[in-house]
Structures are given as C-alpha cells and as structure tokens.
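After this come two complexes, each holding chain A, first together with chain B and then together with chain C.
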Partner chain A sequence: MSGSADIGLWGVPLAMIGGAVRVSTPYIFVALGETITERSGRINLGQEGTLVFGAMIGYGVAIITGSPLLGVAAACACGCGFGLFHGWICRFPKVNDIAVGIAMMQLGVGLAVFFGKPFIKPAAPHLPAISLGWWSAVPQIRAALDVNALFILGLGLALFLNWAFRNTKYGLMLRVVGDSSDAARAMGLNPNRVRLYATAIGGGLAGIGGAYLSLYYPGSWNEGISSGQGLMAVALVIFARWNPLGCFFAALLFGGAGALGSALQSVGVTQGYYLFYAAPYVLTLIILTATSSRSHSLVGAPGELSITK
Partner chain B sequence: MTQAPRRAPSLETIGMSKTFGTLQALTDVSIKIASGSFHALLGENGAGKSTLVKCIMGFYQPSSGAILVDGAEADLGTPARAAALGLGMVYQHFTLVPSLTGAENLVISRADVGAVINWRAETRRLDAFMATMPFSVPLDVPTGQLAAGQKQKLEILKQLYLGRRFLILDEPTSVLTPDEAHDVLGLLRAMTVAGDLTVLMISHKFHEVTAFADEVSVLRKGVFVGTGKTTDLSAADMASMMIGDATLAVMDHRASVATEAEPTLLMQAITAPDRTGLKTISIANLAVRPGEIVGIAGIAGNGQKELLEILAGQRPMVSGTIRVQGGTYSATREDARHHHVRFIPEEPLQNACAPRMSVAENLALHIFDVDKNGKNILWLDRARIKQHARTLIEAFKVKTASLASPITALSGGNVQRAVLARELTGEVDLLIVANPCFGLDFSAVAEIRARIMQARNAGTAVLLISEDLDELFELSDRILVMSSGEIVFETPIGTADVSIIGSHMAGHH
Partner chain C sequence: MSDKFQISRRQLLKSSAAGATLLTSGGIAPLSAWAADTLTVGFIYVGSKGDYGYNQSHAQAAETFKKMPGIKVVEEENVPETNAVVETMESMINIDGASLIFPTSFGYFNPFMLATAKKYPKVEFRHCGGLWTKADPANTGSYFGYIGMGQYLNGIVAGHMTKSKKLGFIAAKPIPQVLLNINSFLLGARSVDPAITVKTIFTGDWNLPVKEAEAANALADQGIDVLTMHVDSPKVIIQTAAGRGLYVCGYHADQAALAPTKYLTGANWNWAKPYHDFITEKRANKPLGQFVRGGIPEGFVKMSPLGPMVTPPAKKQFDATLAEIMKGNFAIIKGPMKDNKGNIVVPAGKIYPENAIELEKMNYLLDGVIGSTS
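Up next is the complex of A and B:
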C-alpha cells in the first residue's frame, strides 16, 4: 500500500470490507466444501488439516513450477485425496466420522509441517489480484477492492451450488442421501458412495482454500498459517444452516470480524486492538451458543448428520 | 415416466422356501394373487410375512421355489428387476425424504431423470399424471410438513408414478387415523375394482381386512396355513389361523372407578417447548384418579412424546405444576420412589433398560441402591439382586437363558415382560405407559394388557399413551385426544366413538 489519504475513522469500515473480502475466501471454500459433505450426511472435521496441507502443497508446487495456478490445482487434488481417505474409512461400520475427522486434522497438519520445512524461507509467486477499485483515487478504497479471482470463483460456486441443490439430479441425490439413508437405499442409491464423493469434493475445495492462504493472503507458508480457520468454517456451515449462499455471507461476516484487529491498528488504535484479533473466535462461540438448544433440534439440518441425530 | 404395464399384474409363488443359516423362515409357501384383487397377508410377528414380500421384491433370494408374474416364471433377482415388472412396495415407515418437496421426491425416485432437471417440463408432466389419479397431494411443500395420511398417499402415488401396478403394502395404516386409513384403503380398493391395480397388504387389523380385502392368506411360523375369501371368514377364524392353538391371557373385569377420589396425578397449566422448539406443548388440566386408566390418543408427533418427557423429568417446563398424591412432583428418583411412580416408556429396550447389562441387573434398577427397609446402601447385595430377579422372572414368565445374560439377548416380548415385572412389582400408585404392545405378538399383547388391567384394579392410577386406538378402547376408562400439543377432546369410554376421536386426532374441529 503506497501512501494513504487521510480519511479518518472511515478507514475502519473500509479496512473491514477489504479485510472481509481478503480473509473470507478460505472460509468460503472450506464452508462450501463442508456444506456439500454435510448435506450428504457426514461431517468432516479434517477440513482444518486439509486446509493446512493444501496451503503447504500449493506453496511448494508454486515455488517448484513457478506457477501459482498449478499450486492451486495441486492443493485441490491433495484435498480430494484427503477427502477420499476420510470417506473410505467412514464407510466401514461403526466408524465415527467426527473421530476420524479429528485424526485426519492431526494427520494433515502433521504432514504439512513435516513436508513443509523446506518451503518456509523461499518466496512463491502470488496469485494475481483483480483491481476493482480503478475508478477511485483514494488508495484505501483501491486497496480494499483488490479482489482475488478465487473470491469471485467462490461467489460463483455458492450461487451454482444453491441452484444445483435444487435443480440437478446430483443435487437432489445428495440431499436424499443426507436426509435419509433408508430412502436413498430404497431408491437404489448407495449412500456410502455418494458420501465418499461428497467428502472428496469437500476436501478438494478446502485444499483450494489452503492454497489461497499461502499464495495470496497472508501469502507465505508457515506452520501456524490457518489458526483454526478450517474448524471455524465447519461451525459456520451450521450457522448458515447448510445453505451455500448463507455460507458465503457468513464467511464475509467472519472475515470482517477477523479484519477488525488490523483495521483498528491501521487507524492508529495502539492499545487493546489485539483483543479484536480474537473476534472470529468469540463470534464462533456466540453463534454456536445462540443457535443451540437443549430442548429442540436444529431446523434444516440434514437428518443423517451424526451431530443432529 | 417409465413405461407402465397397462394391466394390473397377477402374481403367484410356488413352493417358496427361505432359510437364514439354520433358521427356516419360510417353508414351501404357495400363494396366488389374482390380477386386480385386494389380497391380505396375515400373520404374527416372525411368521415370515416380511421375508415373503422381500423375496417377491427381490431383496432376498428364495432358497427354493418360483414366482410367476402374469402366469410366466419371473426372475426377480434384484429390486430393480422386480420394479421393471411393475412390482412396488409401500413400507410401514415412510421412505419420502422429509426435506424434499413432493415433486422433488417423485422426480428423483425415477431412474431416467436427466442431470439437470427441467422443472417446467417436469411440473407439466406431474400435473398431467396427477389429473389421472383419483386423489391428490400438494407437491410443492417439503414432505416433512405433510400429515401422515397425505404422506402415505404420496408413497402410493410415487409407486404409481413409477409405473408399478402391483403394490405390496406393509401395515400401511399403522401411522394413520381411522378416517385416513379408511380413505386411503378405500381409494386403493376402488383402483383394484377398476382393474388398474393389484394389492397385497400385510395387516393385523381384522376390521380392515374384512372391509377392504377380497381374499386373505395366513402364515404361521413360516408355513402357509390357509387362504380364503374374506366374506367366508370371521375375525375369530382369522385369529385362530394366525395363532394356532396358543391360549391367550384373559383380562380381568373392570372394577368401578372412584370418581370422587383425589387424583393421583394432576397436571395443571403446563407449557413446554416441543422437539422442534417452534411449537408449544400445553396441558391445561390432566387428572388421573386411583384405579383408573386414562388413555391418550393422538397421531405420533402431536406432543405425546413431549408429555411423557415432561413427566419423566427429561423436558424442562416453562410453566405449570405437576402434583402426585397432592404433593409437588419434580420427577427426581427420590420423588418417584416416595410417591411410587413407575414408567414404562415405548421401546423399553432402549428407553428403560441398560441393554448390555444382565437381566438380573436390569430388574434391580429400582432396588440396587437400597436395602430391604429402603435405607441407602453403599455395597451391592448381589444375593438379594439375584433373588429379586428370580422372583420376578418366575412371576411374569420372562423367558431368559440365565439371569446373567444381557437383556438385549431377549425377544421383544420378553424384554417388555421384564420391564413390566420391574415396574409393577412393589407398591405402584401411578403408572405411566407408552405404546406398551408395539411390535409384540398376540400372546404377549394379551398378557401385557391383562397385567395393566390388574394393576388398575389394584388401585393404581394409569396414564396410557398409545397410537393404537384398539388398545385404548380395550383398556381405558377415559380417552383424551392430543392434537398439536394440546388435549383437544375427552370422552368416557362408555360413549366413545372411533370416528369422533379420529376427527379430533386429525385436528378437524
């Protein structure tokens, strides 16, 4: 960011909008992926591990090949692999998807740390940004409106999924399997196979989210790169009631909350701003508490989901 | 839509046998179902009815025997092949996906649906299809929001939409009110008379069989024991074919109720959220007197479960009071023990037992932590627990291999007997029972109902929540109807009328 006009406190909302767009992208991808997985009746907590591993592999491949797009593709492929592995384990009887997810989370993070050591120092080529703020002379606005192509892809994906869940054969099949295994079997569908694919696609999207982290924002690979964003995205899916468009807006909200700390810092608040770095976590807790109840079940939850059964 | 066979098919099984390991589930069963007939299949639990229909539907491979469809031998190796021949099945429990609309449910059940669904064209075809049907169901709301009768109609519509002209119905009315049942079966009956449909219905309700079926076949212990026209058979004939020479427990005569007596259970002005949290359960006034059975009728999901949970202390109330024998009752173990309150929830194996613990331990759930005089004890008295179990098993004729076998190894009837033994032993002033006979065979049902009646005559106040109207009419002194979380109707048994109760259950009034 070169030079800044003095726009006073307007900087805070502006920085938050910019932050929301920048920070939300990995949430969008993980949450959309998790929506697909959970709509099929399975929960994959391993998304956090997939996100971190995707960040590492995307960064590594971008360094080696010099192409950030190849990095994104590699991260997506690895994410699919993680999803397939999760789905394959869960097809065995009496396997708990949540426990497997926690193990997969540890595995993903562990493998990323192990293989990612050589990539901590070198700098990888970044994903290009699209400048939507060309019309403005105010540098803060231009900075806020530097949008990555993946963000727009995420928006498109949310719109597409929202349409596809209602208007395609595969969307309906996914919802059938997620709502009632018995009905699915009576229809001749194999719930395990549908869930396997749904988990693989979900993992692939989480991998893309990871590549965004290391190749665009924050834009470097380190072991603490995700700080739990994969897990919070899973919470976000519940908050968004398994609705893809809801996921998109919830991700923006989380992103905005995540940007609050740095936005305050940028306008010269020097004390206590770091408390606001905890905003997404506090938001997660508030949302989960507010939307839970001990006397009734969630409305809109897929019937086969183990957390709602 | 898939190509539909024009005519209703006929079906015949010849010498069908099926063994599972060493268990002979079906032995040489030959049944003939004519085209356009309404055929009923009767039998106790475990008589082989569902094995037979699963063989017909291609879910099981018969060990020997053949199936003829329209007089030609058919290979029904898989459900898909059975479907291609126009055979369809409507299950006891709904197979509609609750979050999908009726239209979505119908379209996705078709095998040939394209990758992208053209809703305009599909809606047009659905409308054309519905116009040819004798009844209609709203197709644009999620099926989870439909009433049970509409869901069952939609299940039938789905089979017809898929071009199935031979329908097997597995206890299709168990979730319906009497009016809805009458409605649905009447429509099916009309379609069979017109020759559009052949129906094979599994049922245990004799009045339905007599009213709607042309012919009936009876299975007992996997063996075909007879068939006949329903016009030639009385309910007693059919019952004796089903149970053979087994004798049923006889029910006591009713002692008269002391209507002036202080109520044992009094619930007043109770409100609590229901399972979804969207609706409210509210019980204005519910009293059960000693020596009286108060039956609660209602379609599943109208607040009966919540009422039971409130009484069991599993659901917090927003307001209201529960009094037992005049004292405030807060559903703790101490309260229940002090006031002699006992519970028999539905599905007792899951809800009233620790399935993997032994029969003796399960029978001791009320007494393991106190000694003979009701004082708390620290160490378990193993000998007393065993002795207690032995007495109860003897008195209630529970069939178990040993006292130490896990209770989950017992048959459903014996689990229910064991729970009944535990709950009815000792002093019982208030008994709360839910669907006590669900899924049990004739002899177990007769015995369990006789026990409940005995307890009533001994002065116990009984609150009986049941989805089975026949059971309520047999046992209750008063019947209350729950609908949308409220008690909407009350009648003494003497003047109770099934059709009036049914219309209150359905929420008309």
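Up next is the complex of A and C:
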C-alpha cells in the first residue's frame, strides 16, 4: 500500500491487538452463552456444532435476503433451537449432558456441511465495521481498530451479565439452580425449566458467534470455518472461572495470542512457527496450572455441574 | 448393521447386472447399443465444487464433458479420504456403470483407490498427484501438473505492480511443491527488479480460514502490497487482502470475480486437457497414459486473463515470457543459486526445467524469500 508507514517490529503488538479484536468475538459470545448454561448447572459441549451451524445459516440467510442483520437473527434463532433441544433431552433422568453435547456437536456440524453446500461459492454481504481508529494517521492502526458492532455488544453483554448474576432475580434463580437443585426446589423453582432456558440462551449466543465468523471475520463460509473455536470457548469458561468479565478478557487474550504466529513471521521471525501457533494453548495450560490448588475445588464452579461433582 | 446392508446392496447390484447382461444378450438391442456408445466417467472431490480453489478447478474441467455426446459424467463432492471414497467408487461402478474414474484428492490413492482397482480390473482409475509407481495395478495411473511457471508469471506481474518492493506469500505447509511455487514467484518478481523480497507466512494446514485472514492482515501491516498464496481455498485471503487495498495474484482457479479491481492474474489448473486425453483414449480403446504430466506448454496450466489495472510494461513482459514458456524446456532454477541461509543449493552449471526430478525434492527457500521451512 502506498500510504502505509513502515512500522517494523511495532507490527507484532499491533497485530496482537488487532487480532484480539478481530478473532475474539466468536469466543466471547460462545463463552458468555456457555457461562449462562453452566451457571445453571449444565454443560453444553454442543456449542461447537451450534457455532458452525450458525455460521452456515447466517451466511445463507444473508445471501438469500441480502441483509447480514437478518443472517445474525436467523443464526441466533437456530442456536436457541439447538439449545432447547439439548435442554429438552437433558431433562430426562440419567441422561448425561456431556454425551448429549458431543452428539449435538456432530449433529450441528453435519447439518451445516449438508445444507451449506450451495453457499460455499457465493459471497454474502458483510456486517459493517465501526472505525475506532479515525484519530490516527497510520493506516495499520486504523485497520487494527476497525471494530464490529458485535464486539462492542459482546463487551456490553459481559458487563451486563456480571451485574445481572449478582443483582437481579433471574441471576439469583440461575445461581441457585446451578449450585443446588434441592435448594432450588425448596424455593419453588423448577431446575429443569431454568436449565432449559439457560441452555437455549447459551445456544442463541453461540449462533451469533457463528454469524460473526461467516459474515464479518474471516467473512466466508466453508466447513473449516471454526476449526474448533466452539470447543476452546467452552474451555475458556473454566479458565475464566465462570465469570462473564473473565470470559471477555480470556477471549481477548486468546485472540491476541492466536495472532502471534502470523505477526512474528511477517516481521521476519520465521523459525518455529508451529510453536508460536501453539501459544494460545500453552498459555491456557500455564494459567490453569498456575491457578490450580491441591486443597480446594475450583472457586466459582457451580455445584451442580457434572464436571465438578 | 450398515455393513450388512451394504453387502446385500452390492449383491443385489451384482445379480441385477447379471440380469441385465442376460437381457441384452437375449437381443434387446437398443440397451446394449446405448451401453457400448456411452462412456460413464466418475469424478470425486474431497471438498466443495465451488470452493474457488483446487476442487473447483477439477469440477470446472468435468463440466466441459457434460455437454459432449456419448459421455455421462457422474460426480460426488465432499468425499473424505476414508473408506467413504471406496463406497463412492463402488457405487459409481455398480450403479452408474462408470468405467473411468478420477479420484482427485491426494489421500484417495493408498489404500482406497488401489484396493478398488484390484477388485474391478476392467475399470480404469487415474489419480491426481505424484504417488503412482509401476508396481501399482495395470488399470491405474496418475496425472499431475507443473504450476511453478504460473507462479513465475504471477511474480512478473506482481513485480511490476508493487510500489513497496515487498511481496507476500501465504502458504499452508513447506512441502516441495509449495516451496517451488514460492521460489518461482520470487524469481518472476526479481526478473523485474532484483531488490524485491517475498515475505512468506506458513499457516500450518490447507484450510484454516481465520489464520489465513490473520496472515493477510499481518502482511498488509508490514507494507506488502501484492500477495499470492498456496492454500486449498484462496477465497478468504483474496477477500481480506483486497479489503486492505492489496493487489492479489490467484491460484488453483480464476478468482477475479471475488475482487475485480485487485485481482491481477492467477495460476490456474486446466484439468480439462488431461481429462480430454484420457477420455479420447478410452473411447478409442487405446491404452491410457499412466504417468501423465504437463505444465503451461502442454495445456495443463493456464493463466487468468490480466486484470484491467495491469500496466502495459507488465503486460509486455508477461506476454513475452509466456511465449518463451510455450516453446518448452523453459527453466528458471539455474545454478549457482543460494538459499536464504547462504548455502549454495543449486550448483553452478545446473539447469532444472520444470519437469526435473530434482525439483520434486526442493527443501529450500531462495535468497530473497523471508521465511523458513521449519
């Protein structure tokens, strides 16, 4: 580009900031959705399938209607449907939510590949970007700060959930059901119904994350679009200790670390790129190990969650 | 359960085929005449037919035979490199009557295609890639193309169009064919200006859309103004790079429709050529080629038409070089050449044209490429 400045090594932090903003949004939505689900005492591993299906349906609806916003809405609705299905199966006695989640993951990916064939070739209209880098004359900074509205919505949602879990009636209901089914029943709550709604909302958010993938960044639909981001987001929830703001920052960290491999190669640090691509996963292992404890269980883990029981 | 079903289905097919033979030998002339004149050809793709990449390049070639009289084309896309491809081949043979099959993906070869070929000795199988040897069954063979010269021509156009003298290459894995493409792109650009460098980013696999987009952004941040690639589906890279204002040179299939104002040209497979030869041989009952290779002179590789933004000097050198390549035996890897660590990798006096066996072992990036093979 004729207008671009030579930024040299500054490209690495810039790429990591830009990468964090660009790549993190799907993680944010899936992780926030999963936080709601897990706070109610259920784990939904099907989020990966919901993410991929949401990417496909969002792209398809955007092509057919010409409106990317309708695509996001359709992805959200389908995600809710997947969540309701998961929640409905899990209400039966002796059903394992993790096993159902794995089945739902395969179902979502399979359906997306099957119905998504006609949408691989056409180009869908993209969601618009909001330029937050207008103050800078450096085109690289401007490009890094092109932010999608969904990213800002994700930040708002994290703040809102952080407040709502503590300060609203529904937040309290969710936490009671998640911590103790018996206590919830004693309060007159129906744990299965609360979990059904929590899983549906979680699925809806994962659907929005999928639509971001296909309609904004990288902005295309094919079978490899997610490459496991939905599963990593579920792991990020544990990493963030079921805290919505924690999820937001964990997603940013993960996105930024993921940009490291490309950024280093672009400034000429070319040896060992496979290792740099592993950076997000190594980081996750280090933080989980460093914050683990021999003497007590995970802080903030919902008591009813099958992985902590 | 499903195995049982498939065995019974096959047995059913066998018996119905036997029944059909009986009927035709019994004198139902139109059916046997139709069967003798129509050649059914099967194409199998690992991905989607519309991926703007490798699979599309094969599907476009298959498309050209659909209108041809006496040829029936059967296709299946998104067939994984597992036992699923055996099922696909068997159903093409038994249900559709295919007698010539092209499994187009690398991983279909061993054991899937070889096992099926042993089971159906009257059906011809031709695999796209370099895996076939003379020890394999007589009814098998391979075809592949030399596309390095296409990347050399890409490099010439890129070399004329760059202002920053910095080009980019997004590659999946450092295998010989990919390294040859990167080196060819560099040499093409350096034939315009020896100061040009090519920055290379390896993503680590053939289909990683998010990493490919990140790589395109990272290259744009570093002032690269023309880039090309070697990944399975270049769609995401082309859209992302064009969105950042970069020029792009395509690969696999013509991607001009994705970025009409930024797409300079591209190195594209023209599989219709080998397919046409195989089908002609098969219909004439001649033996089919078993080790078929070709590049631009043989018509296996074609360039996308130059975009309207390409300057006259670029077009002039492009056309002149293409004419030289068409004469055959054109070589760009000529000693002495150094890799980007300073080692002599091509000794003085050695000249390797595109079909030289030495190039199939390439494990270096030439001086001028910023990147690493590990």
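Annotations
Quick note on the criterion: the second predicted complex is superposed on the first by the 281 of 309 C-alpha atoms of A that agree within 3 Å, B and C clash if a C-alpha of one lies under 4 Å from a C-alpha of the other, contacts with A are read in each partner's own complex, and residues count from 1 in each chain.
In this text, contacts are C-beta pairs under 8 Å (C-beta built on N, C-alpha and C of every residue); 3 or more make two chains touch, one makes a residue touch a chain.
What you are looking at is a predicted structure, and each value in this text was computed from that prediction instead of being measured.
By the document's definition of touching, of the two partners only chain C reaches A:S227; chain B does not. When the two complexes are overlaid on their common chain A, residue A:L305 makes contact with neither chain B nor chain C. In the superposition on chain A, contact of A:G268 is made with chain C only, not with chain B. In the superposition on chain A, contact of A:A143 is made with chain C only, not with chain B.
Residue contacts after overlaying the shared chain place A:L32 against neither chain B nor chain C.
Judged by the touch definition given at the top, the superposed model places A:Y277 against chain C, while chain B stays out of reach. Note on chain A: of its two partners chain C and chain B, the one contacting more of its residues is C. Within the superposed three-chain model, A:T168 lies in touch with chain B and out of touch with chain C [touch as defined at top].
Chain A meets chain B in the complex at residues 166-170, 172-173, 175-176, 179-180, 182-183, 186-188, 293-297, 299-300, 302-303.
Interface residues of chain B, counted against chain A in their complex, comprise 79-80, 91, 93, 95-100, 104, 107-109, 111, 113-117, 119, 272-278, 315-316.
The part of chain C that touches chain A in the complex is made up of residues 47-48, 50-52, 56, 77-78, 163-164, 199-204, 207-215, 217-223, 225, 233, 235-236, 239-240, 244-246, 258, 370-372, 374. Across the interface of their complex, chain C is touched by residues 1-2, 4-7, 11, 14-15, 18-19, 22-23, 113, 117, 120-121, 123, 140, 143-144, 213, 217-220, 222-225, 227, 229, 258-259, 261-263, 265-268, 270-274, 277 of chain A.
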